[in-house]
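Chain nomenclature is as follows: A, B, C and D, assigned in order of appearance, with residue numbering initiated at 1 for each chain independently.
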Amino acid sequence: MTSEILEDLALANHILVNEGVLDGFGHISVRHPTHPERFFIARSMAPALVTPEDIVEVDLNGEVHDAQGRRTYVERFIHSAIYKARPDVMSVIHSHSPAVIPFGVTGARLRPICHMSGFLGATTPVFDIRHSAGESTDLLVSSQALGEALAKVLGPSNVALMRGHGSVTVGNSIKQAVFRGVYTESNARLQAEASRLGEITFLTEAEAKATSDMNDKHLDRPWEMWKRNAQNLSR
Amino acid sequence: MTSEILEDLALANHILVNEGVLDGFGHISVRHPTHPERFFIARSMAPALVTPEDIVEVDLNGEVHDAQGRRTYVERFIHSAIYKARPDVMSVIHSHSPAVIPFGVTGARLRPICHMSGFLGATTPVFDIRHSAGESTDLLVSSQALGEALAKVLGPSNVALMRGHGSVTVGNSIKQAVFRGVYTESNARLQAEASRLGEITFLTEAEAKATSDMNDKHLDRPWEMWKRNAQNLSR
Amino acid sequence: MTSEILEDLALANHILVNEGVLDGFGHISVRHPTHPERFFIARSMAPALVTPEDIVEVDLNGEVHDAQGRRTYVERFIHSAIYKARPDVMSVIHSHSPAVIPFGVTGARLRPICHMSGFLGATTPVFDIRHSAGESTDLLVSSQALGEALAKVLGPSNVALMRGHGSVTVGNSIKQAVFRGVYTESNARLQAEASRLGEITFLTEAEAKATSDMNDKHLDRPWEMWKRNAQNLSR
Amino acid sequence: MTSEILEDLALANHILVNEGVLDGFGHISVRHPTHPERFFIARSMAPALVTPEDIVEVDLNGEVHDAQGRRTYVERFIHSAIYKARPDVMSVIHSHSPAVIPFGVTGARLRPICHMSGFLGATTPVFDIRHSAGESTDLLVSSQALGEALAKVLGPSNVALMRGHGSVTVGNSIKQAVFRGVYTESNARLQAEASRLGEITFLTEAEAKATSDMNDKHLDRPWEMWKRNAQNLSR
């Protein structure tokens, strides 16, 4: 079972690169299926190149437990703190996906513009590291304390933006997190475009909830396509 | 004859993915050539992966008739209701093509900006499911009654937008529907871009009619190119 | 010599598709090297699929002279009329390249924003078929008379826009015409983008002239790259 | 050691094309590792096609020293003058990357919008050749004197825009220069997009410095991915 999860996690890395959510940076993790106080994440490397053999195990304080002594991303604390704060979360993505960044540095709020992104719900909070660590940081969530500050801003939401940096997306499975990562970026593109045409009718809260529940039943459909696309790419 | 139509329908799925009209979701159908009270559509799956063997038969109330008992898309009622209301329609596309969505959620109206999209005609109606089913739906056209409400908004037009969801495009053949699907998306991109440069001179109604008639004579030309592109992609 | 020109013309078709200037429609022609009252153009087909064997010969009134009796594009008169009016022109492109269309339907004028597009010169005229043929045409330049009206608007310029339709670009060789086709589209993209940031400092007329002369010395450099890209694509 | 540098330089050409920084024009150079008064740059050709065998040696006055008598780019003086003025600089890129050009022709200033582009620092100067050579040039930096004028405007910055032309980016290694070239273009895209959503919170100067230092520790990560992508492309 674990080996299947590691393969899905490697594949999810490739899908997220292929769909424009990750580039040379960013990461996705998955909680350990039987030891919920641990999660899996690739060692420090470009997501496009991750294989199951590159994945290490980390605990909820961000401590790496790896027999080979390998290191992982400086920002593993994004993951450890969110898994600690949110027992419902089984997978976490941190990305710099490009359409989302403008919403993190302006007053504009990311909201669900269509039925594919109902999971954005009523609010998409913005984490500004300046409020936790001042105005001269390197913007990285490089400690458990900063991870906890981010997790607090995230609260019960599925997505939080990070000012001048990117965003974090969570799900109850790898497939749900990947779906949300792809459609968070898509919603940002559509919302930016629509905002230039006129005032936008967003989903109501009830529509957001209903569409999110509905999409959860169809996660396999895009996954199969993204999987094929990612596999074609790496041939 | 039927087997050729099923091959064309599978190919149309691939073309629409390749040209950016469909992604992991959306569907295209074609009316049965000799039993006009039936239509063909793929079973519930990502359009990029559809083969002729994946296609099922549905009646104009949205009932699936399949010897293997396979299911198709929840939103098959978009197709069944339109075929019922519009005897002239032989093919229907439902998509979430990205440039069109902003026009469905703002006051901006999609209108023909150049000779390739004269089929948009004078008006492109917008269907808002809230008017039929209230403010807390999952936005899916998941019953014959909702399909009929959509078909009523579509009226005699070739394209109708769906608020917060996507659009529907119809044609008197697979090739015409695919042409319209591709150029509806293209028109939306061009119109959004032009609207930022200044006031737009749209086609007159007479120009829209004349260009639409003219393009109907040249449907094979882009089809051959799109076919080659789609086949290259899936090699 | 003629066979080399036919190969270059077929290649130019593929390059222009590959670089986003042509899609399933549009065409490029070249004047006959030894019979200046004739030009070569593909038969009526998608540019991506053109081979040297698909090219026919046309005279300056738009009459096709083909032993096999093949037909070419309805809009061959764009080419015939321009070759007739402009003895300096050796190659003509008609395209619907997408970034240019918005400039043809708004008051915004296309002007050279950087040194690659100095050939645009001081003015880029706009041809509106309504002034020649009224408000209910199919927008096609489908007669020698309409071609002459277009050629008159083009005058001594290198590029003319066509309202609600596309544009025409001319050069003293296939390579120069292709260069200009690619960079007309590029300039339109850059100008649209820059116009949202603030008032634009365009090239002066003297800069436009000097940069255009300078680029004419380097036409082989991008051609070699575009050639390789187009050949990779069609493998 | 030199042969490794030539291979990296050829690869850097391909990476920059593949990532959209260079097209048929533009160039990257590297200072000679043991003779700091010389640098390496490709002969005059499209960057996508450069191999280690195409690289020539140039001195800091822009004089080519090549046993085979090959010539290089007219604009080699961009490189020679910057290496002369900036002993810290080991690699120089000159590009026409598209998102940057609008910032060079409007009053909008390019500033770091996220942690990947802290190297832009507090100011991104704009070089206008009109101030050095008047209003009728071909905009090329085609002499050592013009190169020195550009180097003076660049000053201690990492990036300078060139009005109506492009930009120059410098680094203390090929990898750093390539990283900066890619993320200068990325920052321009993000900043243009964000400027339409509202007022932008840019990085503080201290954040710009800290993020730039931090990214310098991770230059290998995207390089490995860009390398693989470039190699896949040229297969």
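Methods note: a residue touches a chain if its C-beta (ideal position, glycine included) is under 8 Å from a C-beta of that chain, and two chains touch if they have at least 3 such contacts.
None of these values were measured; they are calculated from a predicted model.
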- Item | Equivalent interface positions on subunit C and subunit D, same or different at half | different
- Would you mind pulling out the distance in Å between where the CA atoms of subunit C average out and where those of subunit D do? 32
- Message: As a quick test, compute the distance in whole Å between the mean CA positions of subunit A and subunit C.
- Response: 46
- Going by the touch rule set out above, which residues of subunit B reach two or more other chains? 196
- By the touch definition up top, name every chain pair that qualifies. A-B, A-D, B-C, C-D
- The subunit D residues in contact with subunit A across the complex are 113-116, 186, 189-190, 193-194, 196-204, 206-207, 209-211, 213-214, 218, 221-222, 224-226, 228-229
- Contact set on subunit C toward subunit B in their complex: 23-25, 44-46, 48-49, 96, 98-99, 101-103, 105-108, 135-140, 163-166, 192, 195-196
